[in-house]
């Protein structure tokens, strides 16, 4: 079932798609994000509760036309400068934003995973998020008359996550901080999972989340695919890489050099060779 | 933190309370149910998705004035005859019923655990449950206009569950089929957990649910407290006991003998000695 | 017609098992549906993905489970999830191919009653109730029902609609917002019924060996429509019977 | 007044730590709140029950976590739950005693901005956004804020209400249906502010050693009310400082 990452991205992600690459500090699908940049995808609506440096890179590379999120930053370091540049100066392309709270985003994914058109929560009340986001409405409890917030279900075209392991049948196993990954995956039309390794059989692990193969469209084996974030039980977070990004992200030129290296060193040929269908792909 | 079961029931369960003893075939809190019978509690609203023989016994003993449920039966055997007798012939006391589907009950507990007044689901549409249960209403999605079912949150006064283990701090651990226990406990004002054993530290187990001590009011050590149901990793289900119940439950006299033995053999003194506050308790 | 070397329950179960295609996901009710699903997974459908409402996903029990919460289901499942999750993330989200149900009563339009016989407020017989059935019948892509044929069970109009089949006829499921196709087949100890493609009325499309159409009509509480040329159910194979008998033998231990 | 053997950030953090009572459950934001909560749990509040929004319940990290999703939190937690569960079953259900937040801007009524400086559609500075803060501020029994004092941070009216404090004054939280008491204390590098019991306006109730009331007024962007006899913050103890320094030292490694 495992397919090379460039093929998986080529098959599952298209220009204009709504794409969620989820992870909560842990297990960020960084390698998959880089492959999206390499394949030059455009006009994506990127979704994530906590967009961090790989989203800064996707935005700086011009892949996104919109970001749906609840907290954007470089955790433990500071701001995302490519994100700021796109929001405040439309560079390299304008970036529309749709902002929620974590509670709102989490419940939007839950509704999406549950086949419901909306979610109800106690939230947003009195905040300026309401006036700046038409997707936050109020709903009245039919039993108590209480007013609560309603948010629409979130159903990405594609959700991409990174997990520790998959078995040969395509069942996926992740553990440690598992965040919102199960809901993000189950809310999506298509699911791509990069994993550290494929094993014959998944040895049960305490705290595990298992995503049955039935909800997974492709598994790609990418050891280290979450670096510089971490994979519980496999490798630690590279904190210096997050700090180092700050200087790169601050400067359009430094970012340009970084981008050239990412797309050049691996070579555009890699993706085009193994991605025979250019339909719907950007330059 | 562990207290004897009779004290825990005496302190936490009062006449007229809404009480959920939850479990999904696995880990049924049978011993706690029997203690409720021994203490002669009355006018309880009993709640459970799958009332089985311990609910048949509670109903036959006259503890309940109402049953809120979604499937009542003796699993693998047949009907609950004390339940039938109460519903169709008001014996020993009339039993009001409020019926839901599993999906409705599960979502009612989820709403209760979430501090929301109601839950939304795709359900009930077109069934006669709607006309016979005023607690099922419709709600309109504010984004799509779709009509969905709404059910009120379920917040028992007391939820009682059985678990494999607790630690000395009162954190509770259960695994195997964990059903609806987490939500039922977190939806309740008060929580009583009977356990097979108390250990110094909870060794993590794959598939575990941990209920932090903060949401648990009392832990009682009752080895075998789920029998004749089973406790994954501790003992098997006693299927013959379920079959044998059929004959007892069918007959008021046989049931009376069973009840006399339950309340007499342990002796009413046991509970009254260790339950110094008779306030709010029935005969 | 043939010497019966199998019982009517056995051909019912084997025929129901054959209705399940390999690789399907199947939401399994306890009792006859569970037996049939387990026969299927041991014969022609080794990759049948069985879900029980206790939250066991992809269970492959090595004996018949005695209830939807039997420990054997948890031990052999791909994963075990909470009850809200199985109903919300799996069933309600429309991920299940087939819901496999039993019933106490079924009517001309495939509506199912598992709640009461008689009046709801003063029932003649109090049945177990809804369980997971209403939403299984609503949200699975299709529903298959397995139940024994009798005039008390096959009624013109059920006493209580616990789970909606085809409502009062064409268009009702759509009007009610039910996403799945509803009951596509009812397998009994006498034969096989399917809804008419136009009227949605249950129609006899197959009879088991040794059963005459008249037998089925006599066991049905309404004027049963019969397909032009009802199919004769193929006999259970030796392999099917041996799997079934080893399963039920196990269950009886 | 005294020789400063500690920094203004240190007395801020230690004073914030002292605000947390032992046995409380505390929803911890990353950065200054996390540092202060970890000082508290190592000094006077060993049973402080720390929840991070990544789903780690009862974490007791042996070093400062670098983010709300640091692996050390999962390794030391009583249990790890999903993000929806921490927000719905724990925060929204009203189970958390204190929400411990930072802020970029705060106003006269304790409303918090972590979204933008300037106009939302054409911001001067784009900040990280809401994260968990709006619902932490809404649903925890009380909220404590820790942030550095400056005229840019303490403004008459925040540019964007990310999280509601006391709205526009008395009764606003009730009108908005917010279940918790809102901000009960703001601890800065200069002193301590609390809402007036009647007007809900933030009032200076304490100043740190070496700080004059005039210093605090000068660093506040509105005409700051001052309590009749503002308390002088007790100096950090040697034990508190050594715990704090070992923690931040660790974090800097």
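Labels for the chains are A, B, C and D, by order of writing; each one numbers its residues from 1.
Basically, a residue touches a chain if its C-beta (ideal position, glycine included) is under 8 Å from a C-beta of that chain, and two chains touch if they have at least 3 such contacts.
All figures in this text were calculated on a predicted structure; none of them were measured in a lab.
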Common touching chains of chain D and chain A: B
Farthest-lying chain, centroid of Cα atoms versus that of chain C: D
Name whichever of B-C and A-C has more C-beta pairs touching across its two chains. B-C
How far is the middle of chain B from the middle of chain D, if each middle is the mean of its Cα atoms, in Å? 41
Between chain C and chain D, what distance separates the C-alpha centroids? Give it in angstrom. 58
Between chain B and chain C, what distance separates the C-alpha centroids? Give it in angstrom. 29
Quick check on chain D: which residues sit in contact with 2+ other chains? 88, 92, 139, 179
In chain A, the residues touching two or more other chains are 115-116, 121-122, 146, 182-183, 207
In contact, pair by pair, are chains A-B, A-C, A-D, B-C, B-D
Parts of chain D lying in touch with chain A, wherever the complex brings them together: 30, 53-56, 66-71, 73-74, 80, 82-84, 87-88, 91-92, 115, 120, 122-123, 125-135, 138-139, 160-164, 167, 172, 176-179
Touch list for chain A against partner chain C, complex: 113-116, 171, 182-183, 186, 210, 212, 214-215
Given the complex, residues on chain B that touch chain C span 24-26, 49-50, 69-73, 75-76, 79, 83-84, 87-88, 99-103, 106-107, 109-110, 121-129, 132, 146-148, 176-180, 182-183, 207, 209, 230, 232, 236-237, 239
Hey, which residues of chain D end up touching chain B in the complex? 25, 49, 57-58, 78-79, 88-89, 92-95, 139, 179
Which bits of chain B are touching chain A when the two form their complex? 115-118, 120-122, 135, 137-139, 141-144, 146, 148, 150, 152, 204-208
